[in-house]
Amino acid sequence: MIVTIIGAAGYTGGMLLRILMNHPKVSLTDVVPVSASHAGQPVDVAHPDLVGTGLVFADAMPSNCDVIFLCTGHGKAAEWMAKHDVGDAIVIDLSADHRLHPEWVYGLPEVHRDRIRTSKRIANPGCFATCIELGLLRLGEHGQLGESVVVHATTGSTGAGQAPSETTHFSWRANNLSVYKPFTHQHLAEIEQVLGMRPIFIPLRGAFPRGILMSAVVKSKAPAERVREHYRERFADHPFVHIVDDLPDVKRAVGTNNVFIGVDNHDGNVLVVSVLDNLLKGASGQAVQNMNLACGFDETAGLHLMGVAY
Amino acid sequence: MIVTIIGAAGYTGGMLLRILMNHPKVSLTDVVPVSASHAGQPVDVAHPDLVGTGLVFADAMPSNCDVIFLCTGHGKAAEWMAKHDVGDAIVIDLSADHRLHPEWVYGLPEVHRDRIRTSKRIANPGCFATCIELGLLRLGEHGQLGESVVVHATTGSTGAGQAPSETTHFSWRANNLSVYKPFTHQHLAEIEQVLGMRPIFIPLRGAFPRGILMSAVVKSKAPAERVREHYRERFADHPFVHIVDDLPDVKRAVGTNNVFIGVDNHDGNVLVVSVLDNLLKGASGQAVQNMNLACGFDETAGLHLMGVAY
Amino acid sequence: MIVTIIGAAGYTGGMLLRILMNHPKVSLTDVVPVSASHAGQPVDVAHPDLVGTGLVFADAMPSNCDVIFLCTGHGKAAEWMAKHDVGDAIVIDLSADHRLHPEWVYGLPEVHRDRIRTSKRIANPGCFATCIELGLLRLGEHGQLGESVVVHATTGSTGAGQAPSETTHFSWRANNLSVYKPFTHQHLAEIEQVLGMRPIFIPLRGAFPRGILMSAVVKSKAPAERVREHYRERFADHPFVHIVDDLPDVKRAVGTNNVFIGVDNHDGNVLVVSVLDNLLKGASGQAVQNMNLACGFDETAGLHLMGVAY
Amino acid sequence: MIVTIIGAAGYTGGMLLRILMNHPKVSLTDVVPVSASHAGQPVDVAHPDLVGTGLVFADAMPSNCDVIFLCTGHGKAAEWMAKHDVGDAIVIDLSADHRLHPEWVYGLPEVHRDRIRTSKRIANPGCFATCIELGLLRLGEHGQLGESVVVHATTGSTGAGQAPSETTHFSWRANNLSVYKPFTHQHLAEIEQVLGMRPIFIPLRGAFPRGILMSAVVKSKAPAERVREHYRERFADHPFVHIVDDLPDVKRAVGTNNVFIGVDNHDGNVLVVSVLDNLLKGASGQAVQNMNLACGFDETAGLHLMGVAY
C-alpha cells in the first residue's frame, strides 16, 4: 500500500510520518513524504527526531497512491485537488477546504464511521472542532444544548502552525494566556454542521505547545452521574473517547489519540470538560483513524500511542 | 510609621516587603516582618532576592504599630485578631476571614474608596474575586448581568500558595490546564456581595506562575464601543483600571497593580476580558493601595511598578 | 511471561506500564503492578491517562514472576531483595542500590550487552549517568578524557521524583535554572566505573519536565568530523544511539528511548553534547531494553516510541 | 533633561521606557521614544502594558538631546552615529558596535566607573558578556583564570530579540534546551578585553524568557569561603553585585538590575555561578546605570526595581 503525504515537512505531516513508521499495515518503504520546500532532503532535516528512516522528501506524489494525506495549508488543498488526478486513491484532507463540501465525508468517526468506511474523500475535522463536537455531541443529538451555549477552549501553540508570528514567539507566549477571534472562529461552521447549533465560542491561546481543553456550561437538571452514563452509552463502541469520573487535565491526552470527557453539575447547570491532543485526535491521529476505517483496518491500528504523561 | 506584616515569609508577605522597600511614605527600618517559622532569620532566607535590606524576621509584632498586614492563612487571621490587641492600628487582612464581616470594609477601592479612607479594618479582596468583580462591575451596577452569567478565570500557580501539592508540582503543571472547584469556589460569596448576583464560575489552573485572566459573555445588544465608553466613565478616576481597545493578555498586567479590561461584542453578546497579577492587584498591591487610602497617602504611592512585559 | 513492577504508582513504574502495554512479547494480563500505597485501586487512579486497561494495583508480587522491575526508592531495593525470594526471575533494579554491586551487571547495553543477555540481576543505570557515559564513552575507552573534564548536565523536573518539594514547585521552577550538588552528585561513582575517570560534574535543574542535556569540553585536536566517525563506529550496532551532524536539542529525544550525540570542535577543544529522556533511556526505556536482552527478545521490542517532537 | 531612545519599539527600548517612567531625575515628558516603524503611534501600540503615558513614537530625535540611547540592531548604531550630529549629548549604545572602539568607554561600571562618569560615549556591554565578566572578574584581575576555563551560560529567549525565528518559536523552545554558537559567540572579544583571557564559551538557549545563568569551574585550592571574601571585597562599593552564600538560581535576578554570584569548591576546583536579567543588568538597566554615572546622579537612581520573585 502506497501512502503519500503532501506537505510532509510541517507539524501535521511530521506527526503522520511518526505514526505511520510504526503502523502494522504500512511499510515504511511505501510512505512517500512530499514537500516542495524540502524535496531531495532526508526527512530528518525537517524532523530531526526521525533519524535512520532512510526516507527522503519527494517533490511530487507517485502515480500509484492508495492513500493521500493532504497537509497543505488551508485553501491550498482544494487547489491541489483541482490540479491532480488522484485516480482511485483515498484522499484524507487535513485542511479546512472540504469540511463543508457535500461530496466529502466529514471525518469524525464518532459520527460518520460507516460513511468513512466506504468513502474515498474524507475531510479531517479541525482540532477545536473535534474537541467541542465530541464534548457536546451527546447533548446536541438530544436537543439539550439550548440557544446560547458558551464554549471556552484553550489551544497549545502548535495549533497556530509552524510559521513564526508574534503570538507564537516564546517571549510573548511563555507564561501568557489570551483570547483571540471570539465569536467568529473559522471552525464554527463545521461545529454547527455536527451539533445542529452554533455555540458562542471563545478560543484562547495557552502557554503550552500541545493540547486543547474545552469547557462548556449547559442548562440541565440532570445529575452528573446520569449525564456520564448517557455519554458512556453514546461512545461505548468508540475506542478513543473516554468518559471519566473527574475533570480531565489537558496533559492526560497529550501524545495519544484519546479524548477524555468529564462532567460535573450544580444547581441546574452541567459542566462538560473535554481534552485532546490537537496534533493527534485533533489532526494526524484522527487522519490515521480515518485511513484505518477507509482501508478496512482495525480502527486503532498504529494508534496505541504512549501518552507524554508528565 | 511602623508597619507590621504578620506571615511575612509567604508569597503575599514577600510581595508586601518588596513593595514597601520602595514606598515613599514608609521607611524600611520601620517595617517589621513577623514570621513564626523564620523568627530571627534575615528576610533573604525566605526571599533570596531581598539581599542587603538588613531586615530580620521578628517573632511578634511591636506594640506601637500603625499598620498591620495579616498574611496568615485563611482561618488564621480571625484567630490572630481574637488573640491580639491592635490598639489604634489600621489592620488590612489579606485572608478571606473578614470579607463578609459587617464591621470590616471590603477593600476594593473601586467600590469602597471613601469608606476605606476612614476605616481601620479592611478586608482585602480575593484574587479571583478582584478580577471578576472589576471585570463585571459596571454591568452589575446597571443590572445587566442577567440570571446566569458563566465566568471562566484561569490562575497562575502562585494563587495556590507556597505549600507544595500534586497540582503545583512542576512535572504535573507544566504544559497543563485543568478545571477545579467548578460552581463552588470560595470567592463566590464576596463576588455576589459586590455584583449583586452569583455567576456560574469555572476556575482553571494555568501553566504560568503569575496572573489571572477572566472571560465572561453577557447578553447585551450594546456595541463594544459603547460598553467600553461606559466602563471608561465608571473607572475614570481609578488609576489602576485601564479599559483597552483590544483583548488584553494576562502578561500585560504581571508585575504591576494594574487591571486591564477589554470588550468585544457580536450578535447580541458582549465578551468581557479582564486581567491582573494575582499577587499584586489580586493581593499585596491592592493591600498597599488600601493602606495608602487609609493613611491619606496618594492612592498610587509605591505602586508605580514596572511590568514584567516579556 | 509474568512481569511484576514493584513501586508501579511512581513515575518510572508508570512509564514501564505504558511501554509494556504495547510490548509485542508481553501480554497486558500478565503484567502485575505492585504498589503498597495504591493496592486494590485501578492503575488509572495513579496514572489517569491509562484508562481502560483493567489493571489493578496488587499489594505483593505473584509467586511465579519471570521478570521483576524494582521501582522502589533508592535504599529500598536492597531491602526488598533481602526480604523476598525471587526464585529464578530476572530482576531489573531501577534504583541506585546495586549499580556498584559485584554480583549485578550494570545495565548499560552499549557497554555490557553480552553480560546482560545472560544475567538475572541487572542494575539499571542512573539518568544523568547514562547521558554522561554514552556521551563520553568513546573518548573514555581511548583514554582521551584527560584529568579534569568538566561536565554540565541539566535535568527536567521528573528527575527529582514525584514527591513535591520546594524546587519542584511550579512557582519556583517555572522560568528558572539552578545548579545543585556540584562536584558531589551521587551518580559519580557509577560514571567513574564506566569511564575510568571521575569528571567534574555540575548538575542543573531545568524549567522542563522531561529530558537531560549534557555538554562537555575535552582537549583534543581531532576535527569534529573524525570524532563523529569514531563515535559512529563505536555505536554502529547500538540501535538507540544516534550520532548527528548538528548539536541536538533536548526535546529531540523526549518521548523516545534514543540518545542523540553531537560533536563540534575549535582550536584544540572538542565539545560533546548528548541528550536523552530521563524517564526512558534514562530509566524505564532502558529497563525494558535490558529486559529484552535478558529474555532474548529483539533489543528494540516495544521501544519504537513516538517522540513528543513539539 | 531631554532623553532620546533610538529604536524604542524593541525589547531594550521598551525596558528603558519602563525604567525612565519612574526615574527620579527624568521627567516623562522629556523622554523622546524614536521608532521608524512606529512613528506617530502611541507607545502602547508596541508596549501594551505602558498605557496612559501619553508618549508617542517620534520619527527622529529632537535637536537638544542630553542623553541618547541607541537601541538599534547591531551594525546599525555605527551607521546612525555616522549620519547624525549628536552635539554635546551623552550617547549610550546598547548595540555591539562600539564595545571595542578606543574612543568609547566600555560601560561596565564595576570596572570603568570613573571613566564612565566623565564620558560622553559609552558602549553598553553585552548580556552574556556582563554575566561572564562580573562572575570571573575577581579571578581574572588576579591572574587566576588559567589557560582554558570552560564557561557555560544559558540565556532566556528575549536575548534573541523580537524578530520571530525557528528557535524562538514557542512550539520549539518550550521544554527545550540547546547549545548554539559554541566557541565562537560574538561576545568573546569584549569578554577577553575585560578578563585578559578568552574562555571556552558554550552558550545555551533556555526555556525561559528572561535571565542568564553562567557557571564556570576554575582550578584553585582556595576554599569557597575565601573566594567569597575576595569577591565581597572586590565588589564592596558596587551596589548591584551581591555575593551570596548559596548558588543563585536565575529567577532571583529577574526583574532587577542585580547580579548574584555564588561560589563553591571541591578538591582543587572552584565553581562560580552568576545570574542576571539579560534585559536589565544585561542591557537597559545597565544603560540607565551608565546614564546615572555620566550625569552625576546616584548610581542606583531609578533602579530600585522589584524582582519578579516567582
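All chains are identified by letter, namely A, B, C and D, in their written order; residue positions are counted from 1 within each chain.
Methods note: a contact is a pair of C-beta atoms (placed from the backbone, for glycine too) under 8 Å apart; a residue touches a chain by one contact, two chains touch by 3 or more.
Keep in mind it's a predicted model, so treat the numbers as computed, not measured.
Undergrad: Can you check which chain pair, A-B or A-C, has more C-beta pairs in contact?
TA: A-B
Undergrad: From the C-alpha centres, identify the chain that is farthest from subunit D.
TA: The most distant chain relative to subunit D turns out to be A.
Undergrad: Go ahead and note the Å separation of the Cα centroids belonging to subunit A and subunit B.
TA: Distance between chain centres: 39 Å.
Undergrad: Report, in whole Å, the distance between the mean C-alpha point of subunit A and the mean C-alpha point of subunit D.
TA: Those two chain centres are 44 Å apart.
Undergrad: When the centre of a chain is set as the mean of its C-alpha atoms, what distance in Å lies between subunit A and subunit C?
TA: It comes to 33 Å between the two C-alpha centres.
Undergrad: Give the residues of subunit A that touch two or more other chains, as numbers and ranges in rising order.
TA: 11, 156, 158, 171-172, 174-175, 207-210, 248-249, 254, 310 - these are the residues of subunit A that touch more than one other chain.
Undergrad: Residue numbers of subunit B touching subunit A in their complex, please.
TA: Where subunit B meets subunit A, its residues are 148, 150, 152, 154, 156, 171-172, 174-180, 182-184, 200, 202, 204, 206-211, 213, 215, 217, 219, 247-251, 254, 264, 266-267, 269, 271, 273, 310.
Undergrad: Over in the complex, which subunit B residues touch subunit C? Could you list them?
TA: For subunit B paired with subunit C, touching residues are 11, 156-158, 162, 164-166, 168-171, 173-175, 207-209.
Undergrad: Give every residue of subunit D touching subunit B within the complex, in rising order.
TA: For subunit D paired with subunit B, touching residues are 11, 14-15, 18-19, 21-22, 47-49, 51-52, 158, 174-175, 209-210, 242, 244, 246, 248-249, 252-253, 255-256, 258, 260, 279, 304-310.
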